[in-house]
Amino acid sequence: MKSNNALGPSSSSQRITNSEIDVNDVINSMADIEGHSGATVIFVGSVRNFGMNGKVKGMYYESYTKMAENKIKNIEKLAMEKYSIKKIKVVHRIGELALGNNSVIIALSTPHSKDAFKACKYILARIKQEVPIWKKEILSKGDEKWVDGKSIKTN
Amino acid sequence: MKSNNALGPSSSSQRITNSEIDVNDVINSMADIEGHSGATVIFVGSVRNFGMNGKVKGMYYESYTKMAENKIKNIEKLAMEKYSIKKIKVVHRIGELALGNNSVIIALSTPHSKDAFKACKYILARIKQEVPIWKKEILSKGDEKWVDGKSIKTN
Amino acid sequence: MTTQMMPIIRVTVLYFAYIHETTRKKEEIMELSTNTSIKDLVSIILTRYPNIKNIKNIKISVNYHIVNSNSNSILKNDDEVALLPPISGG
Amino acid sequence: MTTQMMPIIRVTVLYFAYIHETTRKKEEIMELSTNTSIKDLVSIILTRYPNIKNIKNIKISVNYHIVNSNSNSILKNDDEVALLPPISGG
């Protein structure tokens, strides 16, 4: 696979991971002792016990990892330009997840609270529209079903 | 002072504290291994280096603690009824805070992400409108100024 | 002829934020005649502390509930009254 | 008369989510003639895997960029092509 990795300062860290998301680590990375930001908003998505196809006991996530990393980096970049983001961290987990496991975290800080909420919702919406990740519900009654998603949005 | 403490399941814990807010503890309390919720949104407010009166080196918060506790409990109760909140934790710190110190945390989980964002913004807005807390900017140039706030909203 | 004692009540009055910098105290206990209304108490406070400004923006609470500062409701012994200037939490 | 070798390119084709349950593989390397367009490749894939449904909802990427599935752009050696069904991240 080809490398295409030159997209801003935080491009070194992983956006797609096979491991558990360390929520505390992400939140601690938002700390800002110089007080550049006044508001931090964090969204954490987790596996719910009820899905598109009924009762769920787990979820399987798959990604086109290289493209997903690029897409998330680009969404971060656009959000940072659009809102006055001081710190940002976005991670999506893939693989097999149990109920309550965290699938995605979006954490960011801005000077003002309104921007923080807007930016967080903006990033979540674009992830759902553009990032090549798919999920399959592992249903309580035994079978598994891919979630009927949305065609990738291109602009 | 009189006791007026019968406002729902989580009324035992402190909403107003003199100590540092344990962000990790609050976030860990949102964990839900049964998967009732799919979305957690957390807002953290912190002391910014620039305020209403210029450059700031710290902030002093004062509260009418008993009334503030009651008001926050009531806001939580209203939010839980309005949105499908599964877990909630709101804490406001008072006393002298340094740059970057956290003054307030609002954490909650709901089945769907839209409700989580809406509920978090709703609670923050009502705190700013109704909860008897005052802040004084400790300015870099040496003096201190109470922030010109909003008259308490009554309904 | 005997001197008759005037019955009194005691209420706690709390001052917050910039107000306690004017009153130079955060709280005090006031002794009032039994038929003192909220409106009367506000007037007593403003007479004692004429430097309290913008009283229109200051809300009055009695036992943690906001009341109308012109209210003719009569205060009771042990009531807790507070002067709440515009707030700025968050 | 000498037999002339037809020049070929190799492209990697990736299948995701429900598509790889149809193709029964997550990726394969295809050998194509040098002048194969994106549109040609899509047609080759659909001929090989006729069970791939709703092709209109499936996006095609070449080297991580979404392309038009009717594009006449010619593929190059080592290109990475992916079939991306509707997504459901978050």
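Residue numbering begins at 1 within each chain, and the chains themselves are lettered A, B, C and D in the order written.
The working rule: a contact is a pair of C-beta atoms (placed from the backbone, for glycine too) under 8 Å apart; a residue touches a chain by one contact, two chains touch by 3 or more.
Please read all numbers here as calculations on a predicted model, not as lab measurements.
Within the contact network of the assembly, the step distance from chain B to chain D comes to 2. Chain geometry summary: the mean Cα position of chain A and that of chain B are 25 Å apart. Centroid to centroid, with C-alpha atoms defining each point, chain A and chain C lie 53 Å apart. Distance from the chain C centre to the chain D centre is 79 Å, each centre being the mean of its Cα atoms.
Mean C-alpha position of chain B lies 28 Å from that of chain C. Contact of a single residue of chain B with at least two other chains is seen at positions 45, 113, 124. For chain C, the set of residues that touch two or more other chains comprises 90. By the contact rule set out at the top, the touching chain pairs are A-B, A-D, B-C.
Interface residues of chain B facing chain A in the complex, by the touch rule stated above, are 23-24, 27-28, 30-50, 56, 98-100, 111, 113, 116-117, 120-121, 124. Contact residues on chain C toward chain B in their complex (touch as defined above): 14, 16-18, 57-59, 61, 63-64, 66, 80, 82, 84-90.
Chain A contributes residues 1-2, 4, 45, 61-64, 66-68, 70, 92, 103-104, 124, 127-136, 146-152, 154 to its touches with chain D in the complex.
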